[in-house]
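Here chain A shows up in two complexes: once beside chain B, once beside chain C.
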Partner chain A sequence: MEGTMHADAKIRAETGTESGPRGPGCSLRHFACEQNLLSRPDGSASFMQGDTSVLVGVYGPAEVKVSKEIFNKATLEVILRPKIGLPGVAEKSREQLIRNTCEAVVLGALHPRTSITVVLQVISDAGSLLACCLNAACMALVDAGVPMRALFCGVTCTLGADGTLVLDPTAKQEKEARAVLTFALDSVEQKLLMSTTKGLYSDAELQQCLAAAQAASQHVFRFYRESLQRRYSKS
Partner chain B sequence: MLAPAMAEVVAVAAESLAGSRARAARTVLNQVVLPGEELLLPEQEDAEGPGGGGERPLRLNAGARSRVRVVCGPGLRRCGDRLLVTKCGRLRHKEPGSGSGGGVYWVDSQQKRYVPVKGDHVIGIVTAKSGDIFKVDVGGSEPASLSYLAFEGATKRNRPNVQVGDLIYGQFVVANKDMEPEMVCIDSCGRANGMGVIGHDGLLFKVTLGLIRKLLAPDCEIIQEVGKLYPLEIVFGMNGRIWVKAKTIQQTLILANILEACEHMTTDQRKQIFSRLAES
Partner chain C sequence: MAAGFKTVEPLEYYRRFLKENCRPDGRELGEFRTTTVNIGSISTADGSALVKLGNTTVICGVKAEFAAPPTDAPDKGYVVPNVDLPPLCSSRFRSGPPGEEAQVASQFIADVIENSQIIQKEDLCISPGKLAWVLYCDLICLDYDGNILDACTFALLAALKNVQLPEVTINEETALAEVNLKTKNYLNIRTHPVATSFAVFDDTLLIVDPTGEEEHLATGTLTIVMDEEGKLCCLHKPGGSGLTGAKLQDCMSRAVTRHKEVKKLMDEVIKSMKPK
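Moving on, here comes the complex of A and B:
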């Protein structure tokens, strides 16, 4: 089985408009990623951001039911299972967000009338869950060998009552924040693939958060590269 | 506290810019490439014209240089005049054997799922018999179809003896993303050439596609070493399936375990295990 890749991805994210860092909390938590750990799925990955951990399995391109098949591209399905309880409406909406991000990136036209299924299981939730799910899904899709036009990553940031920007917040920081914003960015030009926000913020603050997320995504992509290089160097 | 932080961010910005620029394919050979990277193809000047004596023929498009014809293999797609990497793996290149052309570029990736490719020899399991065709499961997204006439010496009156659940070794004649894959058990001359129904004993097991390619490489020593251990029959399918048969069930299981473990073992560990088995 493939080894674990740990990275100390601590950065100080600077917003585009200011000269100094916003506050003491602008840093990403410790990352860890493991690939190819499940034997049944075609691709699998486990991604940890601090204490938040998500396990993903990818099946595909596989058979699809005639009712669900699309004649010119692959049918992408995402299933998200919470740690406790039955999946509810929140999981459903997260599934749709992850699905839209994956569809923008996966080259479905190469496998028409097939299905690509992404199954996510939340192992532990300590803040930034959607970003962790996106990162784990990307690593699992790469492990499964699904053709993609770019890699993608998720970054969460929160705005405090006084305007402080915190990247990769913990659960406590998310609860106390005025607004929580999650962005999915692609690896080619850090373009925005998906954004979901909750709370109150001005459009200048939105731009600042997006710029900070784009800077943070560089570190996530560098971590992906190191992790994958290490995996292929073993063979 | 501030100065190193600013330096770090500046360094990150510079790195990110470098990463987004396309790199020449030959500088990245045998390195790990990620989906989304763009590679520049090598451009080549025209050879000297028939004028001789260092004369250059006049060309109407004096500014543009002609490009070499390069074949784009698995894991790469054409994107304008560049190559876009779509799978993660090591970039490989093979020089053209003869004639012009820039050779083949492809990405060596590790995968478990098989996608049918025309010309591949695969092991399939017959799942259904409907009318004149058999439905064969090859591990792809849909079962392949195999006509009963596609066996050596088969005619409408002399049907091949194939039952549901049999193992078939055949090759794809039609395999593209839009159509159902079709396979046959004869080559273009009508001879079986080793294809057809595989015997009833033995063991079929699944490995990754990369391991199959490694075992089938011309310079692979694993198969020679395995052959020296026990007399055996072995069939490799490009869809990740291997069928093995030795004299006893125990030997068959040992061989199956060795081949499955070959993926994760280094050469030394493998030689140790072989020498231990040869002694016992």
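Moving on, here comes the complex of A and C:
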């Protein structure tokens, strides 16, 4: 497939070992991203965070149904398909989160009365699923050439019973945690675009998690840049 | 003349008010609409509450029924919320299967119940592995004028405080449940989560308790659910313009004051209820 780029990047906030389980404190799992792997959609991307993997296809700007068209901007639609079973209410809720995040960055005013459809398929879920979906959606939108005013990334962090912060948790860590917070941050000023949380936590802990997520997002954006640089430097 | 301007340029019309730090209905940027609550109005439900936040009206009815506890948690009952946004409340909703907004609101309420531990699910168990209560919480919006999440959370809390469950004993010989309708107990409500919603305008201004029009013009929304100890149960920001940490801090402090207002209102209402 022309233009496939497999960019591996081991990103750690502090020095750690090359492979295997990460050390204590803040560090993200192994990232991998592939773009332009599907032939039908205008843009596609597959994003892997550790064992969590999401495949996204973007169609657009394309024709929109008259009932759904907006006269001065593009209509964004997001479809999230779980790995097993039919999409339910939880998927609808996640679709709304992803859609509103994309709407905040996509320059819809450049393509009025069109539709941009983002279709996400969960390939495997090993923790931090929503963050992986957001990252994959961003990469796919870039691959499709949809004009955006910033990139965005998703970061999940968990708070343990004693207040320890773990970034990019595995499924097991998410289950054992007292609180799981997922943030979407933009690339320009690391402002908070989207947030969804589970569990009880205090205000101070929220600010701590947000700061940690903002630091981690820098790594994610650097990974995006390296991945795209490698892709376009070939041609 | 103002009405014409409002129709043609709603955002500019709105900005004129925001520049003077107020809103078309005369409120300050950090002021809530008049909140009224009425408890126990539905006699056929085990618990009910009607909440009005300005024009937004939500009624919550709680029905308790029997069910077998889940196999992976035999000592827990169920709390099943459902938010319904019928065509009655606003012209934007059509009849048929629940739309996206209703599903998102239902998921939000389910998350609030789960995160805040408002009811210990173990309290709903009658006989481990055999019988447990399931509380069906139906929230129906009667009038949609923005800030549906705050109204739903408050209605749910008030209705659950109103729920009275009869005592149930399992007869040893027949293995059937015997319900004693004469002895009724209130539920043990452990925390009081209160939601505070904000709308973001032009990426910078935050206004509290948006009306329907304000929500439509806003570039983003944010809902904070806080309990009495200042712990956050939910920070729901579904996309929209970015916020800095400092702005979030302001929202937190407003949420704390709102919690006190709501708690005071709730306590007054509960006190004024005549015992059945």
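Quick note on the criterion: the second predicted complex is superposed on the first by the 212 of 235 C-alpha atoms of A that agree within 3 Å, B and C clash if a C-alpha of one lies under 4 Å from a C-alpha of the other, contacts with A are read in each partner's own complex, and residues count from 1 in each chain.
Rule of thumb we're sticking to: contacts are C-beta pairs under 8 Å (C-beta built on N, C-alpha and C of every residue); 3 or more make two chains touch, one makes a residue touch a chain.
Everything numeric in this text was worked out from a predicted model, so none of it was measured.
J.: Looking at the overlay, does A:Glu103 come into contact with chain B only (first), chain C only (second), both, or neither?
T.: A:Glu103 contacts chain C only, not chain B.
J.: In the superposed arrangement, does A:Ala62 touch chain B (first), chain C (second), both or neither?
T.: The answer is first: A:Ala62 touches chain B but not chain C.
J.: Touch check for A:Asp42: first (chain B), second (chain C), both, or neither?
T.: The first partner, chain B, only.
J.: Quick check for you: in the superposed arrangement, does A:Glu189 touch first (chain B), second (chain C), both or neither?
T.: both
J.: Look at A:Pro147 in the shared chain and tell me whether it touches chain B only, chain C only, both, or neither; answer first, second, both or neither.
T.: Touch status of A:Pro147: first partner only.
J.: Look at A:Cys33 in the shared chain and tell me whether it touches chain B only, chain C only, both, or neither; answer first, second, both or neither.
T.: A:Cys33 sits against neither chain B nor chain C.
J.: Compare chain B and chain C by how many residues of chain A each one touches, and report the one with more.
T.: B
J.: Is A:Leu210 touching the first partner chain B, the second partner chain C, both, or neither of them?
T.: After superposing on A, A:Leu210 lies in contact with chain C but is clear of chain B.
J.: Is A:Thr197 touching anything from chain B or chain C once the two structures are fitted on A? First, second, both or neither.
T.: So A:Thr197 only meets chain C here.
J.: What is the contact status of A:Arg225 with respect to chain B (first) and chain C (second): first, second, both, or neither?
T.: first
J.: Considering each complex separately, which residues of chain A are in contact with chain B in the first and with chain C in the second?
T.: 186, 189
J.: Which residues of chain C touch chain A in the complex?
T.: The touching residues are 100, 103-104, 106-108, 111, 114-117, 219-220, 227, 230-245, 248-249, 252.
J.: Inside the complex, what are the residues of chain A that reach chain B?
T.: Residues of chain A touching chain B: 11-14, 20-21, 36, 42-43, 60-64, 107, 110-115, 142, 144-145, 147-151, 186-190, 215, 218-219, 221-222, 224-225, 228-229, 232-233, 235.
J.: Name, in rising order, each residue of chain A that touches chain C in their complex.
T.: Residue list for chain A touching chain C: 89-90, 92-93, 95-104, 181, 184-186, 189, 191-203, 206-207, 210-211.
J.: If you look only at chain B, which of its residues touch chain A in the complex?
T.: Residues in contact with chain A: 2, 5-6, 8-9, 12-13, 15-16, 19-20, 32, 34-36, 75, 77, 84, 86-90, 109-113, 115, 140-142, 177-178, 210.
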